[in-house]
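What follows is a set of structures for review.
Each of the next two complexes has chain A plus one more chain, namely chain B in the first and chain C in the second.
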Partner chain A sequence: MSLISMEFLLFVFLAVVGYYWIPQKFQWIWLLIFSYIYYISGGLQVTSFLVFTTITTYLGGVFLEKISEKNMEKQKAKKKKKQILISVLLLNFGVLGVLKYTNFAIGTVNTLFGAEFNTLQFLLPLGISFYTFQSMGYILDIYWERTTAEHNLFRFALFVSFFPQILQGPIGRFSKLGTQLFEAHSLHSEEIEQGILRIFWGYFKKMVLADNAVIFVNAIFDAPDVYDGLAIIGVLAYSIQLYCDFSGGMDVVIGIAKLFGITLDENFKRPYFAISITDFWHRWHITLGTWMKDYVFYPVSLSGWMKHFSKFSKKLFGKQIGRTLPICLANLIVFLVVGIWHGAAWKFIIYGLYNGLIIAFSGLMAPNYRKWKQKLHIVEDNKGFHFFQIVRTFILVNISWFFDIAKDVPTALLMMKHAITKCNLYQIFEIKIGEASGTKYTLVAILVILFGCLAVFIVSFLEESGKDIAVFFARQHWLVKCAVYVGLILLLPALGQPAGEAGGFIYAQF
Partner chain B sequence: MEKLLEILEDIQPDADYETCETLIDDGILDSFAILSIVSELQDEFEITITPAEIIPENFNSAKALWAMIERLQAG
Partner chain C sequence: MRNFKKILLPIMAVLILMVVNIGMNYALIPYSYVRIMMHQVETQNYDTVFLGTSHGLNGISPNVIERETGAKTMNLCLGGEYPRDAYYMLKKVCEKSVPKTVIYELDAGYWCTEEGQRGDFNRIYYEMPFSKVKVEYFISKMLKLDFRATLFPWFYYRGQIGNIKNIINCKQSEDYKNYGVEAFRNEAQSYEEGFMRNHPVEIEKPEEPLELWNEKTKNKDSFLYFEKMASFCEKQGITLIVITTPVPEETLEKYNKEFQKADTFFTSYLEKFDVQYWNYNRSERKIENFDYSLKAFSDYEGHMNWEQAEIFSAQIAKDFL
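Up next is the complex of A and B:
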């Protein structure tokens, strides 16, 4: 059931009406039923994987807590807890790994050794990465005693399957999301209004911007030799598509959750205003970044072998570089995982390592940067310098997008070369859009994207300056609000692409 | 406590460690700085800091960091 469909909107409407109509103590059960209906509608077969993750994680959590409570010898308890944790992690990441990466492994073996193993056909459960990461975060939090285990299997099942977020996140934490899912919610008109506004904003980004931009992206990146003068336009269009697709999807998801009185974590914070790659990852797919930080980066950095490496590098390179080097290595491992998470292909591994290397280099150079800034009398709040940092980061991010969108690494490198050596913007009118197949419609699509970007930029700029657009909108007269909503309802289908031209959400494939 | 302040100043000089109680919440210490601090604390105070200790409550102020050091030394 696509997030952009009348049946989905009707599904949400029924879920919301029933949610506030039934007694409050049954609200979480109502959400669980709707979550499973939603998931099963995507395929009954793959639901078994969701149930598997739910049951294994639930049992793991309960057993972990029982060991903590028991009067067992400390070392023995520690060992037992570790065994349970590793079993749950292996089982669940094992399923994820087999389903997502078997064919990548077969392909790599075939290429490296000239073998001819056949690839396998797997049904990839919807949102498997998201619900697996969310569940494994839960089990690790119990292991580290940051949260307590949920003892009701069905409540836990709701935490794993909550329907607005299961397909593309945000990846929630039990300590924050669990409480909200299970508590009673009364109908508040402000929350409904905030939710609807957020949903509309998400549809605007997705339908008007992402779905128009994707046509140019596909045309240019599917035929890089034909549109060799449009490499820059292609990657800029991809910048728009990816951001508006994913953050637009998040707006819809967060808005729907708000209709149930549930506040999900934000996943985007105006990433193209970032002043460094580190800052970019603090603003882009935030819940994946914090998940990686808490459950991969810190544990790897604090592992026994990393401690030995730290001592070794301190002896070899001195205190400052010596202590930073192991952190850089852990950071590279994290971005390698992020790359692999994005897809089973070498281009994604390069994409991850590219980001990791830049951040590692910045970490190593941080003390030097401080000295250079002092020498050049550059103050942090200098507007010119701030603007330079934003532009520099945007260029670095766009370089990474070449690896993300091109079909393989050689194509990405070729497109980068074209971006520098060839530029023929008029080629854009050779891209025919729609059945009318005239350049006229291409021009309309370009104008729609440009004005749409302007709208997103203005809203983002105001938010970046500390202004809350939602609050401003909420204060307007109801007639103004109605006019805006009616305008959007009429504009969205008119300016967006028909379902055949546009695609689903990119991150729903993860 | 003096040694701790020295370590903090060395790793991230742009903060008032005597008064600030939002080192994590306000993003003054990022993950690189946190791990640099952890590395120095482990060497200096002969303690073992596990991922379970890396929570804002332990890193939001010099005082909280000192309390964590004392707790780990005792336990």
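Up next is the complex of A and C:
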């Protein structure tokens, strides 16, 4: 069920009406039923994978807690808990790995060794990466005793399957999301209003901006030799498409959850205002970033072998570098995982490593940067320097997008070369938009993107300056609100591209 | 007072949206022959009904068939009409009266591609008068579409913004009020005598888009709804016949393998339902005096000119008798 389909809107409407109509103690059951209806509508077969993750993680959690409660010898209990944890992790990441990465492995073996193994046909359950990461976060939290296990299987099933977020996140934590899912919620018109506004703002970003930009992105990246003068425009269009598609999807998801009185974690915090790649990853796909930090970065950084490595590098390179090197290595590992998470292809691995290397390099160079800034009398708070940092980060991020969007690494490198050696902006008018409907409106689409970006920029700038847009909107006269709602809704059919031409949400395929 | 405002806001917003929507639909959606079809379906009884795609719309003259067979005939083929659309069109016809024969024009490309969100299909829902079938069609098709396609039918006609004056003038004309066909007359086409008549024009014949049969990408819904149609016909006592219109010899030569595969597949598939399949691209169904050269078609895909359509329709009538 697509997030932009009529049936989805009706589905949400029915879910919300029923949610506030039934006795509050049954609200979570209502959500569970609707979550499963939603998931099953995508195919009954794939639902078995969701059930598998739910049951294995639930049992793992309960057993882990039972061992902690038992008067068992400490060492024995630790060993037993580790066995359970590893089993649950292996089972679930194993399923994810087999379904998502087998064909990548086969392709790599075929290329490296000239073998001719056939690729396999797998059903890829919707949102498998998201619900697997969310569930594995839960089991790790219980293992580290950061949270207690949920003893009601059905409640836990809701945590794993909560329908607004299952397809593209945000990746929730049981300690925060679980409580909200199971508690009673009364109808608050402010929340409904905020939710609806957020939903349509998300649709605006997706349909008007991302879906117009994707036409240029596809044209340019599908024919890099034809549009060789548009590599920069192509990657800029992709930066608009990806941000507006993903953050627009998040706005819709967070808005829908708000209708149920549930506040999901924010996944974006104006990432193109970031002043460094590290800062960018604190603002982009935040819940994946924090997941990686909590469940990959810290365990790797604090592991025994990393401590050995730290001692070794301190001996070899001195205190300063010796202390930084293990962090750099942990970051590289994190971003290697991030790259693999993004997709089963070498270009994604390079994309991840590129980010990891920049962060690692920045970490190593940090003392030098400080010295240089002192010598050049650069003050951190200086607005000009702040602007320079934003532009620099934006350029670095856009370089990474080449790997993300190009069909493979050589094409990405070719496009980067074209970006420097060739530039012919006029080629953009050779991309014909609207021909299928008998009209040509390339120029209109460009203007729509520009004005749409301006609108998003203004909102982002105000938020970045500390203004709460939702609160500001809530204070407005009802006639103003009415005009904003009507205007926003009418812009979707007036300026957005049809889904058939633009495709669905990018992150709904993960 | 606060509660009143809270209720007033959504009511006002919905009302404004409705008014704007009605206005936009009126100003942007051009007059379509589907309106005439729906009017005829609502007001007349038919013995023979043709359903199918744009090949059928261009290639079947109901007047010729009526003249040859004596059975009152209606051509309900449309560009972009998938078996799902055809099924509900048939059900809509049967709300007024049940025809004796339904001839479904099969284009294999519609059985192996995803249902699009363009073409004339969205006019079926838009022009269909309110009825039980319309509700069923909404649930089956419109619900799954982008909500803009359902709630804002003008969405697909935004490109008509420069044509608003003509559209409004047309809709205020007597021709429109009387379900006339003047609006569809141009150098290349005209909607006359119940089908879209392609006139020969000297232009380069487009080869794309040519959707060929590919068994690997079968559209399950196309099969499902054809089977529903077959079952519905059986229950209603309607004779169902399936045909495929002739394509230019240039197309047949170039894509012979794909056409052969499609013929073999659908012959065997339709046998299961005991449905006759007349594929006019087979050598044994060659039509006398029919010009198979590309010049008699407006494109490689096989939209034939009106003269060929009349010859072809006469042949169908002959085979029918």
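Everything that follows uses one rule, which is that the second predicted complex is superposed on the first by the 505 of 510 C-alpha atoms of A that agree within 3 Å, B and C clash if a C-alpha of one lies under 4 Å from a C-alpha of the other, contacts with A are read in each partner's own complex, and residues count from 1 in each chain.
Keep in mind that, in the parts below, a contact is a pair of C-beta atoms (placed from the backbone, for glycine too) under 8 Å apart; a residue touches a chain by one contact, two chains touch by 3 or more.
A quick note: this is a predicted structure, and the numbers were derived from the prediction, not measured.
Novice: In the superposed arrangement, does A:Gly363 touch chain B (first), chain C (second), both or neither?
Specialist: The answer is first: A:Gly363 touches chain B but not chain C.
Novice: Of chain B and chain C, which one contacts the greater number of residues in chain A?
Specialist: Touching more of chain A: C.
Novice: Check whether A:Lys293 is in contact with chain B, with chain C, with both or with neither, and answer first, second, both or neither.
Specialist: first
Novice: Quick check for you: in the superposed arrangement, does A:Ser310 touch first (chain B), second (chain C), both or neither?
Specialist: A:Ser310 sits against chain B, while chain C stays out of touch.
Novice: Tell me which partner A:Met6 touches in the superposition: chain B (first), chain C (second), both or neither.
Specialist: Only chain C is touched by A:Met6; chain B is not.
Novice: Name the contact category of A:Tyr441: first (chain B only), second (chain C only), both, or neither.
Specialist: After superposing on A, A:Tyr441 lies in contact with chain C but is clear of chain B.
Novice: If you stack the two complexes on chain A, which partner ends up touching A:Ile86: first (chain B), second (chain C), both, or neither?
Specialist: neither
Novice: Under the contact rule defined above, give the chain A residues that sit at the interface with chain B and also at the interface with chain C.
Specialist: The answer is that chain A has no such residue.
Novice: Name, in rising order, each residue of chain B that touches chain A in their complex.
Specialist: So the residues of chain B in touch with chain A come to 13, 27, 30-32, 35-36, 38-40, 42-43, 49-52, 54-55.
Novice: In the complex of these two chains, what residues of chain A are touching chain C?
Specialist: Result: residues 2, 4-10, 189, 207, 434, 436-439, 441, 478, 481-482, 485-486, 489-490, 492-494, 496, 498-500 of chain A touch chain C.
Novice: Please output the residues of chain C touching chain A within their complex, sorted ascending.
Specialist: Within the complex, chain C contacts chain A at residues 5-6, 8-9, 12-13, 16-17, 20, 116-118, 142-152, 154-156, 158-160.
Novice: Could you list, by residue number, the parts of chain A that touch chain B in their complex?
Specialist: Result: residues 144-146, 278, 282, 293-294, 297-299, 301-302, 307, 310, 314, 323-324, 326-327, 330-331, 363, 366, 370 of chain A touch chain B.
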